[in-house]
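Mind having a look at this structure? Questions to follow.
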Amino acid sequence: MPICDAITLKHVPLTGGYRLLRLQAPAIAGPARPGQFVHLRIPGLEPTALRRPFSIYRAEAGELSILYKRVGRGTEMLATLQEGTTVSLMGPLGNGFPLTDGTTKPVLIGGGYGVAPLVFLASRLPRKGVILMGGRSAGDLLCIEDFEALGWPVETATEDGSRGTRGYVTALLERHLESTDAAPELFACGPDGMLRAVGARAIATGCRAWLSLDHHMVCGIGACLACIQKVHTPGGGTRLARVCKDGPVFEAREIVWKEPS
Amino acid sequence: MPICDAITLKHVPLTGGYRLLRLQAPAIAGPARPGQFVHLRIPGLEPTALRRPFSIYRAEAGELSILYKRVGRGTEMLATLQEGTTVSLMGPLGNGFPLTDGTTKPVLIGGGYGVAPLVFLASRLPRKGVILMGGRSAGDLLCIEDFEALGWPVETATEDGSRGTRGYVTALLERHLESTDAAPELFACGPDGMLRAVGARAIATGCRAWLSLDHHMVCGIGACLACIQKVHTPGGGTRLARVCKDGPVFEAREIVWKEPS
Amino acid sequence: MNAPVTPEMAVNVGGIAMRNPVTVASGTFGYGVEYAEWIDVRRLGAITVKGIRLEAWPGNPLPRHVEVPGGMINAIGLQGPGVAGFIGQYMPRLREFGVPVIVNIWGTSLDEYAEVAARLSDVPGVSALEINVSCPNVKAGGASFGTDPAALASVVAAVRRRTKLPVIPKLAPNVPAMGPFARAAVEAGADALSLTNTIPAMAIDIETRRPVLANRIGGLSGAAIHHVALKHVYDAAQAVKVPIIAMGGIFGAREAIAFLIAGATAVAVGTANFIDPTTPLRVIDGIRDYLIRHRMASVSELTGSLQT
Amino acid sequence: MNAPVTPEMAVNVGGIAMRNPVTVASGTFGYGVEYAEWIDVRRLGAITVKGIRLEAWPGNPLPRHVEVPGGMINAIGLQGPGVAGFIGQYMPRLREFGVPVIVNIWGTSLDEYAEVAARLSDVPGVSALEINVSCPNVKAGGASFGTDPAALASVVAAVRRRTKLPVIPKLAPNVPAMGPFARAAVEAGADALSLTNTIPAMAIDIETRRPVLANRIGGLSGAAIHHVALKHVYDAAQAVKVPIIAMGGIFGAREAIAFLIAGATAVAVGTANFIDPTTPLRVIDGIRDYLIRHRMASVSELTGSLQT
């Protein structure tokens, strides 16, 4: 698989401290599937710094984009990246979301930067669905126009009520599952707590939920075992899956949640 | 003494891979004397990287300039510094050259970036003299216009003969000492071999030679003892002087040269 | 005296014939197959796989790593499929690469070490056993086998008795001086030495006032440990004559060459694989370029060439 | 429950009353007077001066240092003016600062350690003796006093017998486990412990194939060693009850606070002084801010507060 030196085409701030980074990376953009990620070496960090994983937000015509939030020293440094600069990327990594066969109605649930892979997913799913989006406040709601441009209805919830329903995105999900007749299939990416809630709801409802986990990573390719997740095996046992290689997407029933500590 | 956050006013390439960096640093520029140096923290190196010492090339009207050559990872990184960026400086450090009383004729001998402090010196000495300048080739001869603007004659030597006399600057010195009637006083800054030769010649001739040593430094202020030089004491013994604090300028007779290894 | 255009890169490490002196450090290259999707692993001098004990082992809870200045601290906890799992799941693929395979083994008792060694001894494609002694000696109350020369010797001897493969103890860096350990290992039958492993370290989240790693303690690797490892390699090379595989903070040919000059016969790239998977190949090329530039006919001229 | 606006910063380290828990690491702050031109040294909790032996000592030839990733390696070689020189040249000035002075002492025999301690014992302004045991024991063939618990105990006991000042052995990091050393030191009479010193390391110039340092071997300090030191401090704090002065890679309040949480009572800023002389003051302010933010009444609440 390719390790690419990608040129930064565009790098712009969005709302709420998020940024959009567009890179020229045909070798990765070509084969990329929704839910996969790239492992990015951040220019300006010391040469011995680890790579950082970011979901693929868009991949078309040789271009690959990510959406990210400044949260620590790597993303702070990334935010200073000049257009024209070269960035080393490994990818596309991970399994990605299943693209389903069109018999179920996709319900996408995203929080914060978790909506990034869902935009890519919405663009590739065989059937339109709905996106339920949550965040602390209006600034954390990203990519609404992207979904609208794809013809997907967007429902929003913010914790502070500054846009959409006040509360968590999972409340939107509750309401949605109660009111819909179509067989829903859930696709979620966001904070751990949200994923757990979505997974629990899916199991209770009897629908499938594809959850993209956000574990800290080192190698990103399945070699170091830093990112393991205990999952059920078909035989009734469990095994330690690697989120970077066997995931990041798992069906809710597979995951053995650890006790909240 | 001040540790300044100095703003980069101008940063331009010169010939031969040298660069000029002009900084706004009134607290250091004010008290600075020729032969003193600043200890500079290079932005872009990891925050734990050591400072680098650079001679003061100019200090006037609150501005301080250095001339430097790209030789390693620190100066490579320094070369990417954008105008407007802030740089942490400690200084002015070291003893500097004596400004003499005008009874001797100053003969300045410089090689490579060693001419930088000599420009500053020429601008402050009470009496005009001559500058003998050496380098590998024409591109290594710096600041000729500076000396000419100060009304100092410039004699040059290059190893490849691309400008001035072919050979070492010390050959110019030989000739100069033979032909002059005035009581010369030497001021030299440059590679170790040049300093040794100048010192030996001064001792043989019976004139004084002020040599600015270029030892690797850590603290730059006399605390760590990384930069010591064995020197003779007036009593006939020796002591370990700190080049950063007790130097970098020593009179040729003080220095106990170690055997060339 | 013209130096050859292509210097000799092959080395023999205690019986392992390597086409060049560059392998990978155990635990940083999975079981070889993972990075085979990314680089041409057939170019490596050898492949060293992650630590294997007798039975499958789950390793530590998460978080298992933290990034720190100049490197990382890991507490993966030696998760692995056990000997049988390793042989079944990975050896077929590894054999196809046609590269010597060094299997890193561990146990919590002398018997376990010996048993793992015996089971791997006749497996086709396995070229040598690297003995990880930086793991707790359960009988001795959890102290590590690697930090007492006598305990080290007992592990090496136990493994030695049960295998004809080259035996390569991998020494721990958190010792006052490497000499006594190197000598103890060689006297007990080591064919070569690997050094060093990670340095025990700890990270604390000052906001929560908890250890960052679930295991509390982990091992520091990366650039931060290179110069410590270099001293250990030098000391070991002064103490014994067997070949040394050196590792610790190799990020390019520069560090690898320093290790060779200090006395190593081969080198292993570890943490750098995570950051740039092409590092081992860059190191191979860089060593070759260095030999050409310095007009050396063979990499063996570099080994122990330090002028002091 | 309102936390006080100004938390209590004073600590007592084995008898040294410090107005705050921040001192400087021996050898990185000269004799106090050098940095007095740059920062207000009267704000420090204590000043720890460079290692002193009986007679003046020239140290090592140049080069004495090399910059490496995450830090530096130094082989200054303990250059110093000897006890009499130190007392005459530096103590008058140091006394004026009104800050406790910790004198770092060393020797190459037990007698020398003891003699240095005795001579400093009644010097006004000297508050404590930090014993550097990471130097060669000439009688024992150059092995370090600091890497054998029995040798360590003998040095501590020898010094203890000749002084009434607080005795603070400074432990070496290149040991398998800190517990036995901490216990040996305390049983021999240590009032507090300093840890850690630099980690032995080496650098090679691959072009000349020579060691970079004239002394061949030096000590690694700086960010690279912080997490190794942190583990040692934690282990020592688990092993003994005496106060600990922690050092190794403190570049700001973050590392200092981690040391305190791990069990240190005070901290020392070393290599960072060279890069930013205001570091110790930033650390003092940063600890105070942290205490306020976390509503802690005293820095002593932080000491050993690790949740495990």
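The chains carry the letters A, B, C and D, assigned in the order they are written, with residues numbered from 1 in each.
As a convention for this text, a residue touches a chain if its C-beta (ideal position, glycine included) is under 8 Å from a C-beta of that chain, and two chains touch if they have at least 3 such contacts.
Fair warning: this is a prediction, and the values are worked out from it, not measured in the lab.
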Task: Give me the chains shared as neighbours by subunit A and subunit D.
output: C
Pair of chains joined by the greatest number of C-beta pairs in contact: C-D
Query: Taking each chain's centre as the mean position of its Cα atoms, how many Å separate subunit B from subunit C?
result: 48
- request: Let me have the rounded angstrom distance from the C-alpha centre of subunit A over to the C-alpha centre of subunit B, please.
  value: 57
Message: Roughly how far is subunit B from subunit D, centre to centre by C-alpha average, rounded to an integer in Å?
response: 36
- prompt: Approximately how many whole Å separate the CA-defined centres of subunit C and subunit D?
  reply: 34
Query: Do you know which subunit D residues sit against two or more other chains?
result: 69-71, 223
- prompt: So which bits of subunit A are touching at least two other chains?
  reply: 46, 48
List of subunit C residues in touch with subunit D within their complex: 68-71, 73, 143-144, 147-148, 172, 174-177, 199-204, 206, 208-211, 216-217, 220, 223-228, 230-231, 234, 249, 254, 257-258, 261-262, 290, 305-308
- prompt: In the complex formed with subunit C, which residues of subunit A make contact?
  reply: 1, 3, 41, 46-51, 88, 90, 215-216, 218-228, 240, 245, 258
Message: With touch defined as at the start, can you tell me which subunit D residues reach subunit B in the complex?
response: 27-30, 34-35, 37-38, 50, 58-59, 61-65, 67, 69-72, 74, 76, 79, 222-223, 251, 271-278
